[in-house]
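Each of the next two complexes has chain A plus one other chain: chain B in the first, chain C in the second.
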Partner chain A sequence: MVGLHTWAGVCVGTLLFVIFWMGSLSVFDREIDRWMMPATRLPAPSGPPSLDATVLPVAARLAGGASPWTIVLPSARVPAIELRYTDAQGEPVRRHIDPASGALLPEAGSLGASGFFFPFHFRLHLRFADIGYWLVGVAGMAMLVLLVSGVIVHRRIFSDFFTFRPRRALPRATLDVHNLSGVLALPFHFVITLSGLIIFFAIYFPSAYQMAYAGAAVAPRAAFDRDAFGTWQRPASGQPGQLASLDAMLATARDTWQGREAYFVRVWHPGDAAAYVELRRSVAEGIPMNVDRLVFDGASGRLLHRHKAQPVMAVQRFIAGLHFIQFRHGLLRALYFVAGLAGCVMIASGLLFWLAARRRRAGGVGMRLVDALTVGGTTGTILATLAFLIANRVLPGDGAARAALEMQVFFAVWVLGFCHAGLRPEGAWRVQSRAIGVAAAVAVVLNALTTGMHPLAAMAGGQWAVAGVDGVLLLTAALAWGVARRGGRQPASAASAVAGADHG
Partner chain B sequence: MTRRAGLIVSRVLAAVGAGYAFTASVVALVAVALPAIFGMARSEAVVLAAMLGFVIYLLALLWAAVEPRLWWVWAGLIGGAAVSWALSLAARLPVAG
Partner chain C sequence: MAEALLLAACLAGYAGFGLLAVSMARHWRELAGDAALPPARCRALRRVGALAIAGSFALVLWRDGGGFGSLLGILLLSACATAVAFTLSARPRWLTGFAERLAERSR
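Take a look at the complex of A and B:
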């Protein structure tokens, strides 16, 4: 079990760190979106907007005949209406609309946290053949194996909880950090990993629906989705048609769902006589990520189809909801963020312990590789994240090209971080910690300079999302800087110092 | 490659590869057996089977790591996969519509 724990950890540790880091950021993706998309820093919406008056004209002009186009309604965390469609080149487009005036806001020119960190968390931006999902799945299963074997190799799990000796020799102090963060957040780590895997059950175990729906009239996956998720469709007629009132459909939905609001409105075949409108219920009201759906006839506004999860599916959606934390609970969301970062600390300190325990012996090529991967994958990932935020505030231009450039900055800095760690392994993490300290502070200053909203102004204006992101960035700067200084003077505390840096 | 390294590679392949084949087959069997035996809705059985799959795979991985007889790991996982796949083919119900 000790061998299993060590080698599974060394092999997937860096990948797991990246997944935990991106997941922790995704907990506050909407808040980071406000920071990265200044035009959407609007006051909280007072009530549901009129879609017929504000959104329909804009959607008809922009999305035209693109099928489908989708309106995500404003919420407590996202004050703007979001319009999503696919443009003539087949590229997905996200635009924001002010719900109060119906004005189309300028293009964000950024994927934001919800478009970059969040997909990074579960598919690593590797779309080809779902390879990203599978890598994350392998890492997730390895994480479960690590947690179980980690508990078994700990004969003194209770006393580990109260043991931290930062002044002891490096390997001992690192192992204490690893044990402490691992034991403290063990239930969270187990549930978050298992629930994360269960979200994608259909990707990881396609054999279930393939066998159960073999011989169906449509493809097995489509037949399963129809039963489980209530997908409903019909072809376009080719005849022109008018869309009935979307506001009336929202009102019907509110009645059907006992006062619960819709989350998005999707119009299929707009402008066609066979157009239909799909409404999904908000997931902000309770833990389960419900799959409640209503389908209306576009021309008459008549209800065509309704779906609600069956019992086992409802359990799956509850588990998914525990992972997604889309429900309204600020304190719990903050705890998720902290527990996720505790996972980052546990993973990084585990890798550091492996390295520190071997540094005194002969270090081979394999060790140097793990060394570079660990530094580039931990401090390098944090640095690339901050470079992404800085790029967001300084890059010129707009639209999809700018958003792509922002991503390239992330990957360029990430590659540089790995190269730096590989070429100058001596104290590489300390240099990168210092760079993190500078970059985090620069991001706050740039936000104030380019948007005029420094943290105090953000607080005074009720923009808590912006103030919160700035606050965490300043905390990161202070921590990383202090860590690099302390670590430089006193090698024995380096491990706890690096662990502290990861807290940003 | 030394004999020791070869044994480790073999064990990892058995755990990850044969373990997945075993799990996917058991998942398929559960997905068709629950509707056939208990009349459970087909989509519900698919979701339940696939969710159980993660626990089954975890147990298979851990067993493959600790079982001292490596040949028994391979035989157990591949044999179990073959048997459950054959059973799931036999238990399959025709789809209406």
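Take a look at the complex of A and C:
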């Protein structure tokens, strides 16, 4: 069991850290988006905007006949209307519209947290053959194994339930951190990992729907999506047509859903006589991410189709909602963030302990590889994230090219982090911790210089998202310096503590 | 009202885990040294601690309902337990006085 826990941890630890880190950031993705897209730092919307007056003219001009285009309505977390479509080159485009004036905001030139950190969390930006999903799936299964085996291996965690001795020798203190973060957030880590796997049941366990829908008239996946998610389709007619009032459809939806609002409007085949409009109900009200959908005829505004989750799907949507945390609850959001970071701490401290316990026994290439992977994958990932934020504030240009450059900065710094750790393993993570401290502070300063919104101004202006991101960055800076300093001290009794701690 | 319930839940959770921690052999030794904790008092500590934790969870359920409440309860209790662990490592003196009062005065 010790071997299982150790080797599963060493093999997927780095990957798990990256997944937990990106997931924790995704908890506040919309808030980080405001930080990264200063044009969208608008006052909170006062009421539902008129889509016919604000969005339709812009969408007709920008998206034209591209099918479909999508509107995400403004919310407490996103004050701007979001318009998504694919351009003539087939590239996805995301633009923002001021709901008060209907003005098209300048291009963000950034994917933001929702476009970069969030997909990173579940598919690692590896689209080829779904390999990203599968790697995350394997890591998720390994995490469940690690959690269960960890409770057995660290058999004293319940008698040492509240034990944290930061002043003891480093390996002992590291193990305390590992056990403490592991056991105290264990319910969260277990539920979040299991729910993450259940979200992608159709990828990880495709035989279920393939067998159930083997006899369907259309492809199994299409038939399954129709039943599970209420996907409704019809082909374009080729005849030109006019779009009826979207505001009237929103009003009908409000009546149909007993006063609850739509958050998402998608227009299929715009400009065609067979155009149709899909409305999705807001998921901000409760834990389950409902799949309530309405489909309207584009020309007449008549209701064509209505979908609501069936019992089994409703359970899946509840579990998905637990994980996606799209509901309105600031305190839970903050606790999810902290618990996610506790997962990062657990994984990183586990890896550090493994390295510290072995460094004195044997060197070798394997050891060095794990060393580089661990340091590059933990402190290197954090450093690359901060470089991404810094690049967001200093890169020139606009549009998709700038967004791509921002991503390349992330990956370049990440590779550098791995190389640095591989070439200079001695104290590499301490150097990178110090770099994190500097980079986090630089990001805050750059935000103040380039947007004029320093943390105090953000608070005064009610821009809590910006103030929050700045605050967490400053905290990161302080913490990184503290950790680097603490790691610098090497108590004389370290070696004996390792021997004693091995069986902790 | 919501804030008051939340504060009460935090305090109950912190107190509950604090009582459990004091009743545990390892932490008792750290706090009270060689002084013994009478078994009856140990059981009482655990019982009151568990009750306080259950009370904290109930308060959160009352505040936020079954769905959000149960999620918040689990996460909040994790946070309370963490706070107790940090208290024991950084400010054990906050608890030593309490432990000394519970200890059996054999000497």
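Following the convention adopted for this analysis, the second predicted complex is superposed on the first by the 488 of 504 C-alpha atoms of A that agree within 3 Å, B and C clash if a C-alpha of one lies under 4 Å from a C-alpha of the other, contacts with A are read in each partner's own complex, and residues count from 1 in each chain.
One rule holds in what follows: a contact is a pair of C-beta atoms (placed from the backbone, for glycine too) under 8 Å apart; a residue touches a chain by one contact, two chains touch by 3 or more.
The model shown is predicted, which means the values in this text are computed figures rather than measured ones.
Novice: Classify the contacts of A:4 with the two partner chains as first (chain B alone), second (chain C alone), both, or neither.
Specialist: So A:4 only meets chain B here.
Novice: Could you say whether A:188 touches chain B, chain C, both of them, or neither, answering first, second, both or neither?
Specialist: second
Novice: When the two structures are overlaid on chain A, which partner does A:210 contact: first (chain B), second (chain C), both, or neither?
Specialist: Touch status of A:210: first partner only.
Novice: After lining up the shared chain so the two structures overlap, which partner does A:332 touch, if you call chain B first and chain C second: first, second, both or neither?
Specialist: Only chain C is touched by A:332; chain B is not.
Novice: When the two structures are laid over each other on chain A, which of chain B and chain C touches more residues of chain A?
Specialist: Of chain B and chain C, the partner in contact with more residues of chain A is B.
Novice: Touching A:165 in the superposition: chain B (first), chain C (second), both, neither?
Specialist: second
Novice: Once the structures are superposed on A, label A:357 by its partner contacts, choosing first (chain B), second (chain C), both or neither.
Specialist: neither
Novice: Looking at the overlay, does A:287 come into contact with chain B only (first), chain C only (second), both, or neither?
Specialist: second
Novice: When the two structures are overlaid on chain A, which partner does A:66 contact: first (chain B), second (chain C), both, or neither?
Specialist: neither
Novice: On the A-aligned overlay, A:311 touches which partner chain: chain B = first, chain C = second, or both, or neither?
Specialist: first
Novice: After overlaying the two complexes on chain A, where does the chain B footprint on chain A coincide with the chain C footprint?
Specialist: Comparing the two interfaces on chain A, one with chain B and one with chain C, no residues are shared.
Novice: Using the touch rule from the top, collect the residues of chain B that touch chain A in their complex.
Specialist: 16, 23-25, 27-32, 35, 41-51, 53-54, 57-58, 61-62, 65-66, 88-89, 92, 94-95, 97
Novice: Can you list the chain A residues touching chain C in their complex?
Specialist: Residue positions touching the partner: 159-166, 180, 184-185, 187-188, 286-287, 322, 327, 329, 331-332, 335-336, 338-339.
Novice: In the complex formed with chain A, which residues of chain C make contact?
Specialist: Answer in residue numbers: 6, 17, 20-21, 24-27, 64, 67-68, 71-72, 74-76, 78-79, 81-82, 84-86, 88-89.
Novice: If we count contacts the way the header does, which residues on chain A are in touch with chain B in the complex?
Specialist: Touching chain B from chain A are residues 1, 4, 138, 141, 144-145, 148-149, 194, 197-198, 201-202, 204-205, 207-217, 223-224, 227-228, 310-313, 315-316, 319.
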